[in-house]
Amino acid sequence: MIDIRIIKAPSAGTMNIIRSRSGARWGEDFSPAAVGLVQGKLIDMVVASDIAEKTAGVRVTDVRGSCPQNMVLLAIAGDTAEVVECLGRIEREGGEANGYR
Amino acid sequence: MIDIRIIKAPSAGTMNIIRSRSGARWGEDFSPAAVGLVQGKLIDMVVASDIAEKTAGVRVTDVRGSCPQNMVLLAIAGDTAEVVECLGRIEREGGEANGYR
Amino acid sequence: MIDIRIIKAPSAGTMNIIRSRSGARWGEDFSPAAVGLVQGKLIDMVVASDIAEKTAGVRVTDVRGSCPQNMVLLAIAGDTAEVVECLGRIEREGGEANGYR
Amino acid sequence: MIDIRIIKAPSAGTMNIIRSRSGARWGEDFSPAAVGLVQGKLIDMVVASDIAEKTAGVRVTDVRGSCPQNMVLLAIAGDTAEVVECLGRIEREGGEANGYR
Amino acid sequence: MIDIRIIKAPSAGTMNIIRSRSGARWGEDFSPAAVGLVQGKLIDMVVASDIAEKTAGVRVTDVRGSCPQNMVLLAIAGDTAEVVECLGRIEREGGEANGYR
Amino acid sequence: MIDIRIIKAPSAGTMNIIRSRSGARWGEDFSPAAVGLVQGKLIDMVVASDIAEKTAGVRVTDVRGSCPQNMVLLAIAGDTAEVVECLGRIEREGGEANGYR
């Protein structure tokens, strides 16, 4: 089960939450039109991260939970249409149960 | 699943619990008419936090659980009507399953 | 889901368990007639704590689980009738799902 | 839900596991006829511990899980009949849902 | 619920995983014909460990999870027939719900 | 329950996530045609790791979650046909419930 959400015109506080939990790979003045959020099992997050990195026009980072090595949430920033496109690909391709053939 | 509660005229001890677990962003003499509480998955808390920050008249902070980086509970303070309005928006908009289009 | 129990005439060892996990806000010679216990989600424990603090005649403390910042259990001490009254209020008012209006 | 087991004539290795996880309140030469084990929620373990301490002829200690402050398992040592009697009291009285009146 | 598996002719890498997570009580040249694995609740692992220690011809160690004090998996090494015999005893005797009388 | 996924032509970022969480046993220039991912209980991951190590043509590493000692995910790299063959063996042989005889 993968949870997917989108935040349009994210507030400065929201960008700060993501930045402070993600190793600060996004600059303080990074203000995208939309941020997509994807949460799920570690195995699905590795797959979703690979899909996002292969999608043009978006930037991806992980938002950490209780421990630094524990990736539970992906944030995908970009123009709204590109984020929506990327989230659609993750929903279609990222959670196929045992679809490895 | 998002859990939502409201505390009207919160006691001094309750404000102290919230303050001591939230990085002390609220002053010791901050005594709002009501405090709304929202608990859920990390992905939903990021969305709810964005909604609260865009709601006029309320102040929002996170109440941490077992680890400093682990946000599990949001506290939203303000006048009762404004807190109720904000909690209603979070209930309506914050938990839409995969509603990213 | 909130779990509620009562211990009448708690043993010295039981009082010691509660004291050693609660920041020692109760003295070593504090020997109440009854101790009520309430366990549930963090959001419900904040609400229950507020109810207990507004109940005359009882003293409330949190019993911590695996980490100091993680409140999972409330202990409510006092005369038996007062503790029962407080636990009844928590059962009736503390767990209302999304009852924030 | 409370889980209850009994080990008759526990091996030296089993006594060592319990001792090494319980703050060493039992001596290295303590070799009881039986050890009862009780596992459940923190709230039920506090109640069960109180019952065991009020039972004549048994000694009780907690066996810790992942963190020192996290009590998940009780060990109750003594003669077989006394341990069985104590486990029976815990099964009957320890897990009553919300039976606080 | 107890999970039970057996690995016949375990690879060097598998023996290394078990050794590195178990306090190194098995030597680097210990190469048993079979390794049985048992996973379950802490209470069941204490019981299973006692059964294994009373079984002739096998050696038992715990394989730790996320924290050193948290025993979640037992490894039982020996000749295949002896490991199978030991796993059978654990399956039959180790998970009896509340069977303490 | 074992979760199995495959990533074909994994991106550099995906290989970096795996490498940074696995003790760096794969070199920075290691760029396999495919990476298989396997997630499940600790007991199943030990069995799956043994199967992978006995499969010709693939390399296996663990991807850690929240704590260094906590193995939750296996990554299996190699040519696509070999990775698919290995994942098939894990699916068929790795999750047999209590199949130890």
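Going in written order, the chains are labelled A, B, C, D, E and F, and every chain counts its residues from 1.
We adopt the following convention: a contact is a pair of C-beta atoms (placed from the backbone, for glycine too) under 8 Å apart; a residue touches a chain by one contact, two chains touch by 3 or more.
What you see is a predicted model; the values in this text were computed from it and never measured.
Undergrad: From the C-alpha centre of chain B to that of chain E, how far is it in Å?
TA: Taking the mean C-alpha position of each chain, the two centres sit 46 Å apart.
Undergrad: In angstrom, rounded to a whole number, how far apart do the mean CA points of chain A and chain E lie?
TA: The mean C-alpha positions of chain A and chain E differ by 40 Å.
Undergrad: Roughly how many whole angstrom separate the Cα centroids of chain A and chain F?
TA: Once rounded, the distance between the two centres reads 23 Å.
Undergrad: Residues touching two or more other chains, restricted to chain E: which are they?
TA: Only 65-67 qualify.
Undergrad: If every chain is a node and every touching pair an edge, decide which shape results: line, ring, star, complete or other.
TA: Contact pattern: a closed ring, each chain touching exactly two others.
Undergrad: Can you name the chains in ring order, beginning at chain B and moving first to chain C?
TA: B, C, D, E, F, A
Undergrad: Taking the touch rule as given, give the residues of chain A at its contact with chain F in the complex, in rising order.
TA: Touching chain F: residues 41-44, 46-47, 49-50, 53-54, 60, 65-67, 69-71, 96-101 of chain A.
Undergrad: Show which residues of chain D lie in contact with chain E when the two form their complex.
TA: On the chain D side, the touching residues are 3-7, 10-11, 13-14, 17-18, 21, 36-39, 63-68, 72-73, 84, 87-88, 91.
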